[in-house]
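Got some structures for you, see below.
You will see two complexes here that share chain A, one where it goes with chain B and one where it goes with chain C.
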Partner chain A sequence: MLKSSLALFLKDVYSELRTRYAINALVMFIIVTISVILFSIGNEKISDFLTGGLFWVVIFFSAMSGLSRGFVSEEERGTVMTLQLTAKSSVVFTGKLFFNLILGFSMNILIALLYAVVFDTFRISSLGIFVCIFILGNIGLAVSSTLIAAIISKANSKGTLYPVLSFPILLPLMMILVDLTKSCMGGVILQEVMVEIAILVCYDIIMLAASYLLFEFIWEY
Partner chain B sequence: MYWKIFLFLLMSFVIVAGFCFPIVPVPAHWYQFPLIPGLEEKARIIFFHVPTAWLTVIAFFFSTYFSAKYLRNKDWQDDIKAYASAQIGMVFCILATITGSVWAKFNWGSFWNWDPRETSIFALLLIYGALFALRSALDNEEKRAQLSAVYNLISFITVPFFIFIMPRIMTGLHPGSAGDEGGSGPIVNFKMNGNMRIIFFASLIAFTILYYWIYQISSRTLILIEKNNRKLIEE
Partner chain C sequence: MTNEKAVYSLSIENLTKIFGKRLIFKNLQKEFRTPGIYGISGPNGTGKSTLVKVMAGLISPTKGKVIHKKGESVIPYEEIHNYIGFAAPYLVMYDEFSAIENINYLLKIRGRVPDKEYITSLFKQVNLFERKDDIVGTYSSGMKQRLRLIFALAHDPDVLLFDEPTSNLDEAGKEVCYEIVKNLSKDKMIILASNEQSDLVLCEDITHLETYKK
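So, the complex of A and B:
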């Protein structure tokens, strides 16, 4: 099964790299969002923790813009039926999840770098813990986003519906991440945030299990 | 039929008792409430605010139950029942938010504080809203039933976290949050005075039976409308 999912993932990567307009649009979206935040802050001095919160705002909206591509592009190109015939639902989900994971990671690393350059108040004291929550947060984001993308790919107003459906599912994740980012910026040792990292891991595992169980009902019709 | 009469009597008793039983410093009879410093007359809202929040969670639970049943049987009546329950849940969610806001205003000073429980009820509002938005964006009936059932189940995973876990582990204004010395609050710890407890549980039971009644009428009406539509299409 892993080979089939890998093949599906590679197919998505190649088709995105062939035309590249989607990746360009995503990079431009990230730059535009950060610019909008910069312009709305203007010359005001904002607190460090606020920049931490805004960091996850940019990540959320970039994810809402980019992570639905896996399923929506299949619907637009009309290849959904072929995919349903060729692969099992768990294989499809694994392939699309892997694609969204890689896409999400690349986008978020780019966002983190740009953010650190643009906002000089965005200084992380405990870098190791931040990397840890960054990875766990990305996994949670990708898992939930992939499932909701599968749901909205069959609906009418896909673009507007995607953030509406995703936000309640991602809200626990976002709250924990913002809180942990705040702690990381202030400087913290592992023992103090053990509970919250445990919650992050639990969220990831629960959403992963639920997505695998429910994807079959979305995909097979 | 008899349970409807029973509900009428119980609810009338709860409303009359909630509003008219006197609040005295030292309760002597069974029909007197104790004076809580800081709340005095305004403590009466507990009989109406907590049951609406309780009803929101119950309605959502039953909506998810019927969604799960739909995914197993593909029976369109289960989807309608889930929809009816979600509608009732939305109404009571709005009511809980409004009554909670009013209580927050006179107890803690402002209408909205982003206290964990307030955040949870807002998240629940968003989940219900997203469910209805999804339903209106799908034209095909089977797809609509299937996808809203899946979304219902997914969002139900986050609900126990919001309603039961988060308000107890985070610091907040509601009783029972992390920094509160009283423990798990007046309801779980049963620290409410005995007289108030009777009316409070009577209120909970009355509201639950009320939900059942509204749900029966609503689901039966919607099923009849759908049956009628299908007969018209077949003719």
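So, the complex of A and C:
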């Protein structure tokens, strides 16, 4: 199964490199969003913690703009049936998840780098813990976004439905991530945030299990 | 795939399909076995494509079931795609890839290692070899249909489900398609859904769908 999923992932990567279906839109979105935040702040001095919260807001909306493409592009081009005739649902979900994980990580690393350059107040004191929550947060975001993308790809109003459906599912994840980022900026030690990190791990596992259980029904019917 | 020489059978048991309030077909009962060419005919809108999709496991029936068997063992629903080859005008390939890339990627996703010699022979058979490296987006509808035939045959399946296989093809293309069907019918099950008399004349048994409306 892993070999087939990797083949699907590579197919998506080559397809993306040729069509630039998601990358161009995502990069533009990230640049525009950070610029808008920058211009709206102007010369105002904003608190350190506010930049930490805004960081995840940018990530959330960037994910909403880019991570649905894997399934939506298959549906729009009409290649869903070809994939259904080629692989079983778990292979398709794993392949698309790999693609969203890589796309999500690349996108969020770019956001983090731009953010660190643009905002002086975005300084992380507990870098190790931040890297840990950044990885766990990205996994949760990619898993949830992949499943929701599969659902909305069948709908008519894909663009509007995606953030609307994603919001309640991603809200607990985002709240913990914002909270943990604030703690990391304030210089927290691992023992103080173990519970929150455990919740992040549980969120990722629950979403991953739920996705594999539900995807077959979304994909095949 | 195990049990390579075993007879493949496809049984349709009390199959009914209803879209909304519209009855497509009702209580369809049929059994297909290897080897053989079977036809499905009927005027437009009688559900030929729907039946083929149900047989391929692409859509679920409202009532009844389709059972795929190889020898005595029933093939699980999630494995059916490995045993069937499917070609239809509504099957879409990836426009951004060349024909050979499409076939190779799809074979790898299937978990197979592309057999270069066999794939080349298929491209030659459907007269697409010279254009195999061209992007599919530049293909004519007839060339896309030839590519769909290669997609159906590339993993050497036991059953071939062809929905209007000669659609968009010129006379030469139709002849190639008929030759493929005749050659493969010696050891495979071929199901043709079509209105074309020239397609149906190849079939040893034809199911007329308009008789399953009541």
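The working rule: the second predicted complex is superposed on the first by the 220 of 221 C-alpha atoms of A that agree within 3 Å, B and C clash if a C-alpha of one lies under 4 Å from a C-alpha of the other, contacts with A are read in each partner's own complex, and residues count from 1 in each chain.
FYI, a residue touches a chain if its C-beta (ideal position, glycine included) is under 8 Å from a C-beta of that chain, and two chains touch if they have at least 3 such contacts.
Here the structure is a predicted model, which is why all the values come from computation and not from measurement.
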Fit or clash - chain C, chain B, common chain A: fit
Chain B versus chain C as contact partner of A:N156, first or second or both or neither: first
First, second, both or neither for A:I218, with chain B first and chain C second: first
Partner chain(s) touched by A:F39 [first = chain B, second = chain C, both, neither]: neither
Touching partner for A:K3 - first (chain B), second (chain C), both, neither: second
First (chain B), second (chain C), both or neither touched by A:I206: first
Touching partner for A:V164 - first (chain B), second (chain C), both, neither: first
Three-chain overlay, closest Cα atoms of chain B and chain C, distance in Å: 5
Set intersection of chain A contacts, chain C complex versus chain B complex: 221
Partner chain A, residues of chain B touching it in the complex: 71, 119, 123, 126-127, 129-130, 133-134, 137-139, 142-143, 146-147, 149-151, 153-155, 157-158, 161-162, 166
For the chain C and chain A complex, residues of the former touching the latter: 56-60, 78-79, 81, 84, 86, 90-97, 101, 105-106, 108-111, 151
In the complex with chain B, residue positions of chain A that touch it: 147-148, 151-152, 154-157, 161, 164-165, 167-169, 171-172, 175, 206-207, 210-211, 214, 217-218, 221
Chain C-facing residues of chain A, complex: 1, 3-4, 7-8, 10-11, 14-15, 18-19, 77-79, 81-89, 91, 95, 216, 220-221
